[in-house]
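Some notes on the structure that comes next.
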Amino acid sequence: MPVVRLVAFARLRELFGERREIALPEGAKVGDLWDTLLREEPHASALARGLRFARNGALCGAETALCEGDEISLLPPFGGG
Amino acid sequence: MPVVRLVAFARLRELFGERREIALPEGAKVGDLWDTLLREEPHASALARGLRFARNGALCGAETALCEGDEISLLPPFGGG
Amino acid sequence: MLLEIVRDPIDLRAIERAVLAPGCGGIVSFCGSVRERADDGRAVEGLRYEAHEAMARASFREIADEVLATMPEVRLAIVHRIGALNVGEIAVVVAAAAPHRAEAFSAARFAIDALKERSPIWKQERYSDGERLWVENRCSGERQ
Amino acid sequence: MLLEIVRDPIDLRAIERAVLAPGCGGIVSFCGSVRERADDGRAVEGLRYEAHEAMARASFREIADEVLATMPEVRLAIVHRIGALNVGEIAVVVAAAAPHRAEAFSAARFAIDALKERSPIWKQERYSDGERLWVENRCSGERQ
């Protein structure tokens, strides 16, 4: 059961909070974390367009395996500048 | 005998002075003014490349007729910016 | 290279001084401020920016490295403010100094375009009618 | 529009403030300073600029009018200093504010390129070996 730290931004932070810990089954991937969150807040699926993930500060895909203590960021489309 | 005011810049100012009055024959053109100056300082011919003239603050050609009181500017290639 | 996420007001002149070197004749700077109207014409009361600060700084470093790879003489600054900003306040400054102006223009343009596309920074506009909206950059999020 | 030939030191921030309007989110500025080395590598001690002031101001106005003809929302400043300048001092500032950055970059780039080509301003470099040279812009004087 890896426990990862979820960090969400913008609309996703408003839904899921800025930082929280979340426990996932052994072998879970980044995409499984997103699916877990969607079960909690089904209307978050509207925010999937353009969503990117990062693991420990580096962009990653949904197939990336989760390890104990990872920081997983949910990055909606950017708006800086 | 129109008398015009000559205004020279950069190297040409160093040769001919910043401002001076110069009398030219009736019917003289801007090009005649330049030829008169070259008789005075023959080595100014080395500065003819890229030289432009202005009459009363507007670019003009060597065929432009001179009128009494005109300000004729000698404009070497620019170096601003 | 001055590559920063800051929370306090941005001093544009200080940034320009930081990139100016005696060998650099030209500085091009882009300074983005909070506009009083949104793209749809609504009156904007203020903004809030947030960032994944570590990733944003890393993206600034990556952008600077890409600039230097093609234009090694350029000196670059990228500074973005986060938190609450009022209309008229400076949100972002990109400044590029170079011996000649073509490189300075090119570096500044590349850096601000790249920042908008790849730096994890988010903007929430607050309108005079009380509504708040997270506003996305046009190209962002279309890459994967 | 702020279009000036000045003899005193240039205040970059004041110029940027002059073009910034609440509706303009982006300012692009080009700031040209006196470099410590000439293009041939010689150490520069200082510069002297001179101008046909009336024609230079008229050329700035013409450049601004051309910018406005294609980009009416742009607010532009063109300020050039003349007289004696030391290494590191600002010789010229072009600043363009616009609702979006593409126009601001485009206007600033056009204005500085046009100034170098058509504004009657001359530059004399003074080198550390005592020599002085009138330095021409590359494209200048090749038009007629």
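A few notes on this one:
To keep things simple, chains are lettered A, B, C and D as they appear, and every chain counts its residues starting from 1.
In this text, a residue touches a chain if its C-beta (ideal position, glycine included) is under 8 Å from a C-beta of that chain, and two chains touch if they have at least 3 such contacts.
Fair warning: this is a prediction, and the values are worked out from it, not measured in the lab.
Chains that touch both chain A and chain C are absent from this assembly. Distance from the chain B centre to the chain C centre is 50 Å, each centre being the mean of its Cα atoms. If you average the CA atoms of chain C and of chain D, the two centres end up 24 Å from each other. With centres set at the average Cα position, the gap from chain B to chain D is 26 Å.
The residues of chain B never reach two or more other chains; the list is empty. Taken residue by residue, chain D touches two or more other chains at 32, 112, whereas all remaining positions touch fewer. Taken together, the chains touch in the following pairs: A-C, B-D, C-D. Considering their complex, residues 12-13, 16, 20, 22-37, 87-88, 99, 101, 104-105, 108-109, 112 of chain D touch chain C.
Those residues of chain C that touch chain A in the shared complex are 32, 49-52, 54-56, 58, 80, 91-92, 112, 115-124, 134-137, 140-142, 144. If you check the complex, the residues on chain B that touch chain D are 7, 9-11, 13, 49-52, 54, 57, 61, 73, 75-81.
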